[in-house]
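In this document, chain identifiers A, B, C and D correspond to the written order of the chains, with residue numbering beginning at 1 in each.
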Amino acid sequence: MRFLHWRPGSDKGGTWLLALLAVIAVFVPILNMLVPASSALHLSAFGITLLGKYLCFAMLALAVDLIWGYCGILSLGHAAFFSLGGYAMGMYLMRQIGPRGVYGDPILPDFMVFLNWKSLPWFWYGFNNFAFAALMMVAVPAALAGLFGWFAFRARVTGVYLSIITQAMTYALMLAFFRNDMGFGGNNGFTDFKDILGFDLHADTTRVVLLLMTVAALAGSYLACRYIVESRAGRVVRAIRDAESRTRFIGYPVESFKLWLFVFSAVIAGVAGALYVPQIGIINPGEFAPINSIEAVIWVAVGGRGTLFGAIAGAILVNYAKTYFTGAFPEIWLYALGAMFVFVTLFLPRGITGLISERGKEK
Amino acid sequence: MKLKAFILTAGVLAAGVFYSRAQAAPDTIKVGILHSLSGTMAISETTLKDTILMMIDAQNKKGGLLGKKLEAVVVDPASNWPLFAEKAAQLLEKDKVSVVFGCWTSVSRKSVLPVFEKDNGLLFYPVQYEGEESSKNVIYTGAAPNQQAIPAVDYLMKEVKVKRWVLEGTDYVYPRTTNKILEAYLKSKGVAPADISINYTPFGHSDWQTRVAAIKKFGSAGKKTAVVSTINGDANVPFYKELGNQKISAQDIPVVAFSVGEEELSGLDTKPLLGHLAAWNYFQSINTPANKAFIDQWHAFIKKANRTTNDPMEAHYIGFNLWVKAVEKAKTTDVEKVLAALPGLETPNLTGGIAKLLPNHHITKPVYIGEVKANGQFNTVWKSNGTVPGDAWSDFLPGSKDIEADWVKLKCGNYNTVTKKCSGQNYK
Amino acid sequence: MSVRDKRLYLESLTVSFDGFKALNDLSLYVDPGELLCIIGPNGAGKTTMMDVITGKTKPDSGTAWFGREIDLLTLREPEIVAAGIGRKFQKPTVFEQLTVFENLELALAGNRSFLKTLRARISPVQKDRIDEVLNIIGLTGQRGSLGRILAHGQKQWLEIGMLLMQNPELLLVDEPVAGMTPHEIERTAQLLTSLAGEHSVMVVEHDMSFVRSIAKRVTVLHEGHVIAEGDMDKVQSDPKVREVYLGV
Amino acid sequence: MGGHRLLTLVLALLGLFPALAQAPDNSNFLAILSELKEAGYDDKATIAEKLSKTGHPSVRSVLTAMMEDRLLFRNSDQKFFISKKDDGDPFDLIDPITLKDAGQAPADSVTKIGTNNGLRGTLKTIVAHFSLSSPDVSVRLEAVKDMLKSMDEPTLAILRDRDNVETDPRVKKEIGVGLALATLDGTDSNARLAAIDLLKSNVSQDVRNRLALLLEKGADGSYNEKDDKVRKAADIAVQNIDQWRSYYSAVETLFFGLSLGSVLVLIAIGLAITFGVMGVINMAHGELMMLGAYTTYAVQSVMPDHIGLSILVAIPAAFIVSGLTGVLMERTIIRFLYGRPLETLLATFGVSLVLQQTVRSIFSALNRSVITPEWMSGSLKINDALAITYNRLYIVIFTLMVFALILAVLKRTRIGLDIRAVSQNRSMAKAMGIRTEWVDAATFGLGSGIAGVAGVALSQLTNVGPNLGQAYIIDSFMVVVFGGVGNLWGSLIGGMAMGIVNKLLEPFAGAVLAKIFVLIALILFIQTRPRGLFPQTGRAAEDK
């Protein structure tokens, strides 16, 4: 299977990543289900949720790295694709609640009932069908990315200008989703989900399965990304990053390369969002906040941009740090986080993986 | 192999997060505090964290509870709604706390609700809110709309003879619901639709020129006009400043607010607010021995003689005491037993009344309406006689007037009296 | 104008940047397989002319035809490249983060769409072609090393090599020997002359001795206009040229 | 002669000629006063009326005290007093009859006579009668306005008499309007037509409403106003007034747009320098503004007695505080990151987190109260239909001043020249002996300082809290990019344009949609002009 082939040792990080994911895939179910809850080794649902969250963010980071690290497009709007995927999943989950909502309305979600909506708005149709919803989780982010990219790249918007308008995009979406009249639950968004494909979302088994799916999705998108960056297309993309006009002069349609990559990256982000929502149990407009996109960029920078593994490591590390600090020193965690960003940019320009590989060379 | 080392260390560290740190000493009872200490909501929520810390401190001085010391577990959900859910899970599943005091915004409560219901935790929610909810695992010590909004409107109608109404709110669920209730209520009192204007602005709206001009126009139709404000936190200062600058005084168009309290006033120039109204269930200025003692205790604890107290603090004060009473009655901190013990319990509030926990998990509260004074305190101009029982499901909303909550007899938070069915949490 | 088919026809091109005329009614032809040198003082419009040919700049007036069929002014950069015109920039730009081999691979003729390149693998034939070019430009030894560590001259050659990969009918070479060591200059001269014949080559250069060493035909530009044409001696003896260019 | 008798009554009320008024009946006065003790708000109002009718010399002081929450009685002997201040413990008492000092009383030994808005309104009107004779024109004007709110026969009489002696045209005009409005209620057709004629040039909403009443139909579908001539006149007058009002409201909207625009410009100028000229994506820009706002707070707390002055002091102070912070950032972090703008984004974002948490630690998470000085509150009344709020007006002016100043610095001064030189060609500038290091620091300091100054302005508009910065950072980036990175004029025009468009849309679309529309417009605009309104060639433009 050519898809899986890679020159041995060419990508230690990746090898380790896949190994790590495999370990998770094997041990999480055991630690959660077989190890009794009394044992200190038991992995609680909380632990699983946390892992799931990290892995979803890792996918988002992967998406950002693919276009930033390899193509030099700094998107400050990737949270938008993440959130859209999430909302698509959220709409499906809302429809699954059915008559179990507090008002017991078989069709309308609770927030529509107390805002006196009489019937389901048209854009909610079909979301009770998982296949359709799943399609939307991919299609909507892809469509937005396609439209946006087609405009922006064709007009040769680059550099900070591109970054800022991606930010404007996610900001506008945030404001829009905050409006209760939009029919997406306003500030509260969607929550209180009951089950997915008939399985109880609160059951540990479901959560384990969701985690395994996330693991699979992350591994899959990692392999896909690596396949791209190691293909000739990947070399073209790096060429675009380093000398755009030159690439144009040897005859590559730079715009379409950018567009394809941007759309694919948006799809990864969308899937990540879709997996994020059922595990976290809520999606609301806050997810569109420009700050989230910036954070995603920072995960990549911390991990080391331009190395797929680095992006993933960065996402997991920063979010782990966040969890740890908000628990351990709630008062000072912002200091720690802020200091970390400054430190990394100043002393680890190529991120942690950069540091590691350099050390590797020294030996 | 640095990379290996890196991954291993990461793994080891991670274990620290996923698995409980050293189990708490068995002779302590853990109390979780789930209030944002950073981010946009830190403004309001840090105070509540300190309030509970103070209560715990005092309780421990009294020798603790059931002979054990209380131990506070503080986490920072950082005003990030998904993080609220995560931290709630951490408190319940990892730190295994017996009770949680927390949340401010509706969305944060909605976000943690499934977690508390799944892990069968116990949450005391201290802030006035839109109602339309009653969970087995949540005790609502803040005001429901019928304990704040409706009395305020009554006052304006009777005492101030208001004929024309502007319902101005931030666009989120609390104002939306409250305004729906008020609109229905006003119409039931014979107010013409033309005399009601409802408008919503985004969070942190800072440029009020257009809106205030519109209000001014609406208010100059010759009938006495008032603004019922459900504007959220940060948007208030610019709103009142603009009112003041456009020369709209409390005499011309009074504004009654449901989310402007002593704490918020301490953070802004009160000049433009003078004489404007707020409806709460507690004012720091209310002169009772209990309140005086509480304020002194607070100042001593926070080591600042000018720190204000406010309504949600009283709610936490009541909630904490209710919980303590329940635990003593149940002789255990087991959530099921405590929940069984809670309904019907009574504890004095700070304004000389009694707070009773009702079967719908809401409490009885007095209602006060005050005018803002220059010193950032309220001058009480109206008080309800006796206390008002909190109503989880409004009688003025088509969706919810048939629904009632009763965790004693019906064992249901939303029992539909027409279909005779219980949906939501205990859906059959 | 001659009856023989030309490779390139530029006729009465005019380009002006806010008032200043970079090209002023420029007409010029390139024969198949010839090696044409363009000389002229700074600001004579040499680079602008190349920009027009490669579609980077659109002229205010005039025509530019590639052979008899292709109207260059209607095409966009990639299409022009596809039509068979390769350009080497003044400042060497190779892909620094890619190896010499990969640089040449990207320049391979062939479908350039994303999906095609995604699945593209190097065929033995292509591999041989790359090795052949590596040989021509004398970088066989560096095939595996990153573009950024090459010496200045080597970068120039690599870039020419990248042009060769697309075996274009017309090569535009902008100041190939600027900043080269005499030895490198010599190699470059050989390289370019060896290319002429099977490709048409248009070289823009300042270095007189270099031009003399390679040029069969020389065209002199001044203020966006052709002022002299012919072999080196003819041109150098031309009084106009001496005046404006050699300044004697 | 009725007029004359009334006049004496008035004078008596005014307490000018106590001699003419019958000797003050203290006991009666006190009796009425004591009724206040357990009266409801409505009763209190009637009691106040009664008090004013007694014509007792102390009426004015007592009612004023009551209005200002300074009227109280001693619990021990139920005796009434006026306290000097409405707060504090103990109270300094004044005897309501003699108006002489009457010692002190601890706060918990007395009971205040509570008031509410409605009651204070009534009291204001009553007290207004006394203010009519005030030498201060503005006070008289206010008094008349208050009296117009509740017109009854005695008030009318007083106004008529005042009209005869009043000299100031503005006050006279107000009285004229009042009398005209009163005339409308009369029966004399010609007088009423005259009144309408006088009123039709008045654009105040009250007048319009009163005239509009004449056009309303009763339940039986017939006009309440029987006199056709009057009705037609009123109709024309109303139309005329409406026309003017809509014109003025258009002007108002335009001003709203300008003021919003100038805020946008103000928050963007600093960024236009750090981001535009230096190519540093400074995510901490918002926090630098926040520092400026907190500086204002600090300045006010050290000079609480000179609030008016404090703002003026705060401006340079904020410039220095934020400026130095900026220089510090530049020296310690940013200078290592030149040519890598995206790294600056990450580092400065880290800095912004730290700065936020720092102010939280120092000033607590609570908002801080920055007082608006008198000269910045209220509004400049152009006429009854159009008033421009001072704080907005000043901010518009302030923005333009700051902008002009920056332009002058960049264009006219040596450092400005250096800055431009370095921004265009660093190595060349270096070669020419410009100390680029120093210039970088100065440039960044300048931009940061401006951010601080913007913070001072923001402290007058919105909350001063740790989150102030985040609320504005995105807008400021939008403005700079819209205008064209590195072009100050672009920022000015871009900001103003965004502000005006936003405000023109808001009345129809509402605040949110208006904003969304502006954002989408920006995105589309960048498609057509990928380098903004005024594209700039140079380092910043080439940056990725």
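Assume a contact is a pair of C-beta atoms (placed from the backbone, for glycine too) under 8 Å apart; a residue touches a chain by one contact, two chains touch by 3 or more.
Fair warning: this is a prediction, and the values are worked out from it, not measured in the lab.
Counted by C-beta pairs in contact, the busier of A-C and B-D is B-D. Spacing of subunit A relative to subunit C, judged by their CA centroids, is 46 angstrom. Taking each chain's centre as the mean of its C-alpha atoms, subunit B lies 31 Å from subunit D.
The mean-CA centres of subunit C and subunit D are about 68 angstrom from one another, to the nearest whole unit.
With centres defined as mean CA coordinates, subunit C is found 75 Å away from subunit B.
Residues of subunit C found to touch two or more other chains are absent. Of all residues in subunit D, those touching 2 or more other chains are 356-357, 512, 515, listed in ascending order.
Residues of subunit B in contact with two or more other chains: 37-38, 171, 200, 202. Which chains touch which is summed up as A-B, A-C, A-D, B-D. On subunit B, the positions that touch subunit A within their shared complex are 2-4, 6-7, 10, 13-14, 16-20, 37-38, 74-78, 80-83, 85-87, 89-90, 92-94, 106-107, 110-111, 113-115, 118, 132-133, 171-173, 176-177, 180, 200, 202-203, 397-400, 403, 413-414, 416, 419, 421, 423-424, 427. Partner subunit A is touched in their complex by these residues of subunit C: 54, 77-78, 81-82, 86-87, 89, 93-98, 102, 105-107, 112-115, 117-120, 162, 166. Put simply, subunit D touches subunit A in their complex at residues 275, 281, 283, 333, 336-337, 340-343, 345-347, 349-354, 356-357, 361, 470, 474, 477-478, 481, 485, 512-513, 515-516, 519-520, 522-524, 526-528, 530-532, 543-544.
Against subunit B, in their complex, subunit A makes its touches with residues 12-13, 16, 20, 40-41, 43-47, 49-51, 53, 99-104, 111, 113-116, 175, 178-180, 186-189, 191-193, 202, 280-282, 284, 286-287, 313, 316-317, 320, 323-324, 326-327, 330-331, 333-334, 352, 356, 359-360. Looking at the complex, you find that subunit B touches subunit D at residues 37-40, 42-43, 46-47, 159-161, 171, 199-202, 204-207, 209-211, 213-214, 217, 220-222, 234, 237-238, 241-242, 244-247, 250-251, 254, 263-264, 266-272, 275, 277, 371, 373-375, 379, 381.
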